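Single-structure report; data block below.
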Amino acid sequence: MENYARRVRESFARQEMMKTLGAEMSAVRNGTTEIRFPYAATLTQQHGYLHAGAVTTALDSACGYAALTVAPEGSEVLSVEFKVNLLAPATGDSIVARAQVKRAGRTLAVCTADAFAVRPDGEKLIATMLATMIYVPLK
Amino acid sequence: MENYARRVRESFARQEMMKTLGAEMSAVRNGTTEIRFPYAATLTQQHGYLHAGAVTTALDSACGYAALTVAPEGSEVLSVEFKVNLLAPATGDSIVARAQVKRAGRTLAVCTADAFAVRPDGEKLIATMLATMIYVPLK
Amino acid sequence: MENYARRVRESFARQEMMKTLGAEMSAVRNGTTEIRFPYAATLTQQHGYLHAGAVTTALDSACGYAALTVAPEGSEVLSVEFKVNLLAPATGDSIVARAQVKRAGRTLAVCTADAFAVRPDGEKLIATMLATMIYVPLK
Amino acid sequence: MENYARRVRESFARQEMMKTLGAEMSAVRNGTTEIRFPYAATLTQQHGYLHAGAVTTALDSACGYAALTVAPEGSEVLSVEFKVNLLAPATGDSIVARAQVKRAGRTLAVCTADAFAVRPDGEKLIATMLATMIYVPLK
């Protein structure tokens, strides 16, 4: 396992919020990540769909860790801001969030991510994120 | 209690995600709402701060319900999109998210919301949202 | 020429702001558009780069017209909101903005667009947009 | 005139895009700015309203200069990203964009700005921006 992948997985394991989502990091590569979590009644809004905040949580972590895979030595990643468009109701067996680095500099990284509902008949795009991350020195 | 406030509180009670946050709707007025949730280790990111996704969840619900307080008769609210800036680490005893309608039309409403960390020495601004909501006919 | 392409080009021709940019619509296809404008000193910010607002103008029109190519019969397009990340200084001989529809429904369309600086050594990504458009009945 | 106000006005004077808009900086205070430009047929979209890009140009400059009024010594400001909601058609005699710093740190500043159409019967809110600016060392 690459050094960056180990860093990503160790950090992910410390995000208690990921356990609350039931999320796992299903892929980490150079500049991309993938996070999955199952549908759960505990994460729903008033219609029984997954709450936009639950989907956003996975998208944000996916973007942050994508940025971390290409981080300058000795730095970590914080979210500066993100924008999310909700494209379809978040239903299905599970959600998969896939993030990629669009541009990474010394200080900032811009990432995009899509979330898909995984259903018996395939994946359906449900949300998309455009996010800005900042590299800060590791304490 | 005003009619809109009852609708907001009934819908809020059906959002299971709010229970997962431990959130309560602490205020509902015409065009504004307030949601509070306590710090919990289950909602944290890798540094022990509350995950941006948890804060966003409260901001999104606060915006949606602010839009609902001024919704056209017979309609409900869905999130179209939102943007969040993270301004400071989300620590403290609890978080309060306060939303207000910036402009509501027949189809769309634009809302802003601020999230504050509540600490012994006062409130500190930690995040801000600018969101677009859509009114759809009640099924 | 397809019917939608004619509508797009006729509307584009009425955007006086495009003439102020010196912009042309260099491609229109089903779900995508491309707008180009040359570097001009009249469009610069304090360092001599093109102003983010000039680049945004092209990105917004490109997104709007991409949405128009897949619009429901009898409707036109208005911008609801957009988010732009500026990725590199806007220099070069010209700028090309390429937009595509990410998801179009009956009421809303979500589009993405990238802007590139065109230089002797190739194209360089300088900005990216994530936008929401609304379909309204043609008056 | 305060030192920061002089810096803001000198930089503004170098933005050729502001001349193309016919814009003036009508107010600069600690943490806030105001930019005005008259309605002009050269800045319109297909319905004769001012193009969202023209309004965004003023909002972006207003935010950038608001950030500059509170910039760390020896630094200048670049736009990282912004999100704009278009709230009403941009018509009227002129547009005024008012920006304020929401939070400024050592590296980033977050600003909000509203644009109003100035009409004989008063001002009407037409757009709002939430933006991230970065401080970089003066070259």
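When the chains are written out, they are named A, B, C and D in that same order, and each has its own residue count from 1.
Just so we're on the same page, a residue touches a chain if its C-beta (ideal position, glycine included) is under 8 Å from a C-beta of that chain, and two chains touch if they have at least 3 such contacts.
Source: prediction; values computed, not measured.
Asks: Between chain pairs A-D and A-B, which one is joined by a greater number of C-beta pairs in contact?
Replies: A-B
Asks: Report the chain whose CA-based centre is farthest from the CA-based centre of chain B.
Replies: Greatest centre separation from chain B goes to chain C.
Asks: Report the inter-centroid distance (CA atoms only) between chain A and chain B in whole Å.
Replies: Each chain reduced to its C-alpha mean, chain A and chain B end up 21 Å apart.
Asks: I'd like to verify one number: the distance from the centre of chain A to the centre of chain C, where each centre is the average of its C-alpha atoms, in whole angstrom.
Replies: The separation of the two C-alpha centroids amounts to 28 Å.
Asks: So, what's the distance in Å between the C-alpha centres of chain D and chain A?
Replies: Using C-alpha averages as centres, the distance is 33 Å.
Asks: Which residues does chain D have that touch at least 2 chains other than itself?
Replies: 80-81, 83, 85, 110, 132
Asks: Which stretch or stretches of chain A touch chain C in the complex?
Replies: 83, 85, 87-88, 102-103, 110, 112, 125, 128, 130, 132
Asks: Would you tell me which residues of chain C are touching chain D in their complex?
Replies: Listed in rising order, the residues are 11-12, 14-17, 19-20, 41-46, 51-54, 56-58, 60-61, 78-86.
Asks: Touching chain C in the complex: which residues of chain B?
Replies: 80-81, 83, 107-108, 110, 132, 134
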